[in-house]
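So that you can tell them apart, the chains are marked A, B, C and D in the order they are listed, and the count of residues begins at 1 in each.
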Amino acid sequence: MAGMTSPARSTSRERTTRWTAPVRYAETDQQGVVFNAHYLTYCDEALAAFCIERGLGAFAEDVMLKSSTLTWAAGVRHGDRVDVDASCERVGRTSLLMRFVISVEGAICCEVDTTYVYAPDGEPMEVPHAARAVLV
Amino acid sequence: MAGMTSPARSTSRERTTRWTAPVRYAETDQQGVVFNAHYLTYCDEALAAFCIERGLGAFAEDVMLKSSTLTWAAGVRHGDRVDVDASCERVGRTSLLMRFVISVEGAICCEVDTTYVYAPDGEPMEVPHAARAVLV
Amino acid sequence: MAGMTSPARSTSRERTTRWTAPVRYAETDQQGVVFNAHYLTYCDEALAAFCIERGLGAFAEDVMLKSSTLTWAAGVRHGDRVDVDASCERVGRTSLLMRFVISVEGAICCEVDTTYVYAPDGEPMEVPHAARAVLV
Amino acid sequence: MAGMTSPARSTSRERTTRWTAPVRYAETDQQGVVFNAHYLTYCDEALAAFCIERGLGAFAEDVMLKSSTLTWAAGVRHGDRVDVDASCERVGRTSLLMRFVISVEGAICCEVDTTYVYAPDGEPMEVPHAARAVLV
């Protein structure tokens, strides 16, 4: 769909926002790796950073999770720093597909594809044009 | 203070509400024991159970934490079931002191003394007489 | 694949283990609903319960998450009790596909499909026949 | 006790290590403030940072919590950045008292005093002289 990509934001580099944080001790479990649920918390923060960088601070609070697929490649340990690269893959009428690539020192640990529905009042609404222009 | 104890609730047994739950895997850290912060979550649930048992369901949401002292005696592991015995030690004008004894199979693991302020609108208010009568 | 279903466990009812817990206050976020990451924690506990009920206590600790897809249908609130119905949909050579249906009072809130790899020593290994027989 | 202060580290400024992080959305509860248990997680990270800055990386993993007192002054919200200033108030034979001052833009939100026991093998041991010299 033509409206889904913004010619002004043409390179992969520009389309991505990185959120980064050291792994917290409390996030590891007794196997010594980050417990699986925390990856969704990292993505949540990465979405917020992605939106703030595009001047869409409130947008992150106006979307609801519809579905999320996580694929793990390697465990993450205390002492590691996780980098989460967030990008918007697609914007539909009322939804958007975000991709989060979680890595440690360049090695991918987990990839997450999440579909959000824009629902500022709890009901799906059309994604505003202003947002659409800067998301992808 | 005379109003602090209710003659109708005379025994230690009656004054206590037990909240219990199996330890969750996600609560353990890489040392294989429950991470320290989760003890406060257990106490939070125990306070809610304590209030509900006394017909004070909303009360637990109308109090703010003022201070909390945790003293650990032993670690808790995945596979353990934690029992939290909650009791109200004292009710002041706008505050109350709760005691939480956390144990596994009768062995005490952690004791927590927490002072809450009654502040349904964000500001300290006198604890209602109806609540006072059933708390201690 | 013939070996994937056990004729002795023929009904849907028998194949499912229910894990249940009241929502904890700490699990809600400022939108008043359970924060998305906690659904994976619920599933983790449900897998453990599923394995224990089948005499496979250690099995839950010998698997690694490979991928997980969550699909949300409704929010869950403090005061709700979540029921998680766990079933094994398929057992492959070294992996298994589990399905978790999370509901509140019979209404589905979230469905989770998770693929685990059997890797007791960190490397994928064939799922033992004894386990295979009771999983599905 | 004379050995408790190091003349080489004479000012309050030098004695303190700051750990800082933006509040995560998942840390807020439905009252819109950081849930109380997370303050202990912040302190845990601050202790690690404090030790690393003094070349005592392993030390933070060799101590056990004995007791912790938290005193809250104000709530912390999503969008805030928490600063945790960690300092060692006292070193005993086998234990140490740490103080954590948690603030947002200079306003104190919570103060935490925690006593740790040095127990690299699970049993209390004398704090090594090398560590003692750089802690306070």
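Observations
Rule of thumb we're sticking to: contacts are C-beta pairs under 8 Å (C-beta built on N, C-alpha and C of every residue); 3 or more make two chains touch, one makes a residue touch a chain.
Note that the coordinates shown come from a computational prediction; the quantities given were computed from them, not determined experimentally.
When chain A is fitted to chain B on its Cα atoms, the angle of the rotation, on a 0 to 180 scale and to the nearest 5, is 180 degrees.
When chain centres are defined as mean Cα coordinates, D lies farthest from chain C. Between chain C and chain D, the centres computed from C-alpha atoms are 37 Å apart.
Distance from the chain A centre to the chain C centre is 25 Å, each centre being the mean of its Cα atoms.
Once the centre of each chain is set as its mean CA position, chain A and chain D turn out to be 31 Å apart.
Chain contacts: chain D has residues 25-26, 31, 35, 37, 41, 44 touching two or more partner chains.
Across the interface of their complex, chain C is touched by residues 31, 35-41, 44, 61, 64-72 of chain A.
The residues of chain C lying in touch with chain D in their complex are 25-26, 28-32, 35, 37, 78. Residues 21-22, 24-26, 41, 44-45, 48 of chain B are the ones touching chain C in the complex.
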